[in-house]
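You will see two complexes here that share chain A, one where it goes with chain B and one where it goes with chain C.
== the complex of A and B ==
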């Protein structure tokens, strides 16, 4: 194993480490990260609703920017976007903050001493781990979105319509298409959670490796890169959840719904352009 | 040691396909943007979704190599 040849400079643990235990439940450092992200979001929400001005100041504009960007995109996705815009926004903001927490100084470097009872190795457990670098967190989010797009599919087309959708178009092909469709539904769960976890965890490993290799100046480049990736991954998760819900709703619809989408597409593009400038 | 080599191979070989796919997706998006800059809003969302799906293959390779390093070793 690599730990024995001075590999201890690079601290990599694929699972979140336990800080302390409450009965059978263990409290891990990724839970600290998730709580921190929630507290930050709640503080931002509290601040913005308490003293929101009609003409926003700098801080208020900065806080409103991601919300407006995401609302603009969701509004262009379907004519029934109001039903799920809150969920998508919640995904986006939570993942964005959870990703960016990993870039703060002190996260991953401040920790508590821990001696492995079996080998006697001394190691440090970081006090905070970005929540999205823990598979439990990303799988939890993916399960919420899975339940939501199945729920929306059933709500839009009825339970019979949903099953019919799974069985495919010519009914005699159902024995072949049903397993394929079921697997493809379930693989969304895996790919959603693994994509987010893999990206954020790989980013953490990359940063740790770069800091160990060249501690001065070089990690700054990768920090910038990770800031970009954190944003893109939050966007990707939210957009995929939105698309899955959107397709679940839009099944079996013709003509009218499409025309409504076209109308929305134009104001969505102006919103995206406004955000880009 | 074997599993470390396997992990490296899995990641390296697994990154070839997504790399090519992402290159094609980005080049086509830039081409479309160059032809019609006004379409940036309409291109943006499908573009992000497309690169996310292409990238997922690379992430599967990453997951396999992580499994090889942390679980199989």
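== the complex of A and C ==
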């Protein structure tokens, strides 16, 4: 259901809007945002790999900064950090760029006119929408994260061990504990995706409202805040994914003393989160 | 992790607030109950047994929320 903000100029819809269709597939404006973020990251990666110098220049330093920051944090999470550092870095960089694309001039404000055939109401469909303001994108990332921490749990203790963990102890409590543990696991998936989507979408609505109410100077304050929130949300998503993977490894890796290790695994990550927030 | 329940922690970072974990925990508690309740409603609509599975789902959701708290608290106590 599209929501109007400030007349027909500003238009913020909860769902991503279709720009055109390729057969049965819809190409939405959030896909444009995701593609833009991917292209920017690929260009940055190309620059770093082809033109990097031993003594980095300003651009190289700026590009290396987030990578070094996240690598440093992930390295403290568990002894097996090398196995998942690329994934966590990928999450962080993709979400960061996707969030910050929403702050660029023209994103959300340049679009095509669209007349609703049912209501006859005219609205603008933005050509680019930040990918993380689309629940499909955030849910996709959360599903990748979910699959990875289940994979690490199974890798550390085998499929049987993972199922046994879900059933809990003693075994006769399994009919009760299995659904409870499944709900608890699923809540991670949904909390990861809803948190990111909710924060970024709320930021988009806030910016659109402020631009409609006071087009000069005032939005600058909120743009600054959104830049900060975009960074924090990317960091929180990456660190929570890291916490879950670290916990899955710690729970199964050391057997009896898993609770302490669980605390240890989450300790490093939450310490980093705390530092960031 | 040594969370003292006030949102502050003693640790390598020297008593910085642990808002990230606290926020994640709060969100997961609500979502756990919603999943249980929603699942129960779906099953009840499917089998026409309302409100049996809604209640069971709600209890399981609350149980899942408690298990989530317990896991975090256990880790804190063992540390």
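Here is the rule we use: the second predicted complex is superposed on the first by the 240 of 277 C-alpha atoms of A that agree within 3 Å, B and C clash if a C-alpha of one lies under 4 Å from a C-alpha of the other, contacts with A are read in each partner's own complex, and residues count from 1 in each chain.
Basically, a residue touches a chain if its C-beta (ideal position, glycine included) is under 8 Å from a C-beta of that chain, and two chains touch if they have at least 3 such contacts.
On a predicted model such as this, the values are computed, not experimentally measured, just so you know.
Student: Looking at A:14 after the superposition, I want to know if it touches chain B, chain C, both of them or none. Which is it: first, second, both, neither?
Tutor: first
Student: Look at A:194 in the shared chain and tell me whether it touches chain B only, chain C only, both, or neither; answer first, second, both or neither.
Tutor: both
Student: Could you tell me if A:236 is touching chain B, chain C, both of them or neither one (first, second, both, neither)?
Tutor: both
Student: Residues of chain A touched by chain B versus by chain C: which partner has the larger set?
Tutor: C
Student: Touch test for A:73: chain B only (first), chain C only (second), both, or neither?
Tutor: first
Student: Output check: A:181 vs chain B and chain C. Expected answer is one of first, second, both, neither. What do you get?
Tutor: Only chain C; A:181 stays clear of chain B.
Student: According to the stated criteria, A:98 is in contact with first (chain B), second (chain C), both, or neither; which is it?
Tutor: neither
Student: Identify the residues of chain A that lie in both the chain B contact region and the chain C contact region.
Tutor: Residues 191, 194-195, 236, 239-240, 243, 268, 270-271, 273, 276 of chain A touch both chain B and chain C.
Student: Help me check something: in the complex, which residues belonging to chain A touch chain B?
Tutor: Checking each residue of chain A against chain B gives 1, 14, 73, 76-77, 191, 194-195, 198-199, 201-202, 232, 235-236, 239-240, 243, 265, 268-273, 276.
Student: Residues of chain C touching chain A in their complex?
Tutor: 1, 9, 11-13, 16-21, 23-24, 27-28, 31-32, 35-36, 39, 60-61, 63-64, 67-68, 71, 74-76, 78-79
Student: Please name which positions on chain B make contact with chain A in the complex.
Tutor: Touch list, chain B to chain A: 38-42, 44-45, 48-49, 52, 55-56, 59-60, 62-63, 66, 70, 73.
Student: Can you tell me which positions in chain A touch chain C when the two form their complex?
Tutor: Per the stated touch rule, the residues are 176-177, 179-181, 183-184, 186-188, 190-191, 194-195, 236, 239-240, 243, 257, 259-260, 262-264, 266-268, 270-271, 273-277.
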